[in-house]
Amino acid sequence: MTSPVAVPFDVYHEIQEFYARQIHLLGAGDIERWARTFTVDAVFEQNARPDRRFARSAKAVRRGRADIAAAAGGATAQRRDESVVRRYWLGMLTVTAEADGSLRTGYYGALINTLPDAGVDVFLSTHGTDVLVREDDSWQVRHRVIGHDDAPEPAVEATA
Amino acid sequence: MTSPVAVPFDVYHEIQEFYARQIHLLGAGDIERWARTFTVDAVFEQNARPDRRFARSAKAVRRGRADIAAAAGGATAQRRDESVVRRYWLGMLTVTAEADGSLRTGYYGALINTLPDAGVDVFLSTHGTDVLVREDDSWQVRHRVIGHDDAPEPAVEATA
Amino acid sequence: MTSPVAVPFDVYHEIQEFYARQIHLLGAGDIERWARTFTVDAVFEQNARPDRRFARSAKAVRRGRADIAAAAGGATAQRRDESVVRRYWLGMLTVTAEADGSLRTGYYGALINTLPDAGVDVFLSTHGTDVLVREDDSWQVRHRVIGHDDAPEPAVEATA
């Protein structure tokens, strides 16, 4: 097995910008375009506390773009109903290239909620890893694993 | 009308660094040099809650570098009086080029206050857009619109 | 004395990535590899409140890689004991080159704690400066000064 290698700075830049655009689409509630930043067969896993309830009973593991879009759309609609503005921040980004041309990223995420008449709140701190692939002339997420910092770490097998 | 286009990575880098320097100047209370990162005729708009009171009764819309400097200087002085340290974080940056050579940026902002004997507090979460132009061999902000996440979204006309 | 100059974008990129990797090592508790991102004779100073107590009575100023590693290892072990997950965010990065080939960086830092059954908390806001040198084909920190935003500013001499 080949070790991952650091990417050239133009690729790092592309990925940094990719995440900024992806996050703005989610922040703006444009779920249709946001979902197209995932491959059709993408898997989006969240390692959350056992008692975490996702909006509209979405599962912690979402398989395929349609399922991923439905979960995000449900969460977005719920926040709109509750007049909560959520900003997702991604930082501390690392990017390495795999032998097959895919990229593997690592990052921290912080979710900042603004609540009507209740101020601002860091709702959740997370750490994530993505596998990104180049499809249709742009990068897409093929596999995302988000670890919630308030959840126990899973056995490695559980998220592989 | 021509669509905005993504900028090359050296420009993205320049803008990323521009914002870091601009923010450090504000954080250090160097209002004079900070103000010179805006054009002489710049407009700085804040879409805030109707009941938000800016330091020294500054208006939400500031027209021209002198007015922009006065508002920031007042806020800086007030925080010094109150022994509050405020850090402005900017992230999730997107940069696109307009046909006339100006740049349009989008970003999230978070204001973190440290209060004497009262800990740390995310004071405000925002989303911003700037128009940047190249003047005197450096980038300057010609138009800034900051939306406070605790304020109702304005009609588009109000901030155009 | 020569003024510091801005660095080319490939160097800025390298440093941005350096910090991301450094922080992930600390976040993962890999103190051995984290410590190797400092020179053997590095100095790590924290300008903290007089009443701030570091884990296992570490001093605010740590001299040499072994001392730096011991302090970080103690803090990591203490958080593990307390089941606290801490994420260190670094942002608003500036990088300038000195005449001797070293780099001087400036940045903000935010420490986000996730506590068992007590939610998420911005524990500390800081501002830092590093001197980075190229050793063994990679960047290393030779001198780090972290100012805690809840501490009074030291006289300039104290951190020079």
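By letter and in written order, the chains are A, B and C; residue numbering begins at 1 in each of them.
The criterion applied here is as follows: a residue touches a chain if its C-beta (ideal position, glycine included) is under 8 Å from a C-beta of that chain, and two chains touch if they have at least 3 such contacts.
Because the structure is predicted, anything quoted here is derived from the model rather than measured.
On superposing C-alpha atoms, the copy chain A sits rotated by 120° relative to chain C, to the nearest 5. Interface residue usage between chain A and chain B, two copies of one sequence, is largely distinct: under half of the residue numbers at the contact are used by both copies.
Measuring from the averaged C-alpha position of chain A to that of chain B gives a distance of 27 Å.
Each of the following residues of chain B touches two or more other chains: 9, 13, 91, 122. By the touch criterion given at the top, residues 6, 9, 12-13, 91-95, 106, 108, 110, 122-125, 127, 149-150 of chain B touch chain A in their complex.
The part of chain A that touches chain B in the complex is made up of residues 9-10, 13-14, 16-17, 19-21, 23-24, 27, 85, 87-91, 112, 114, 116, 119-122.
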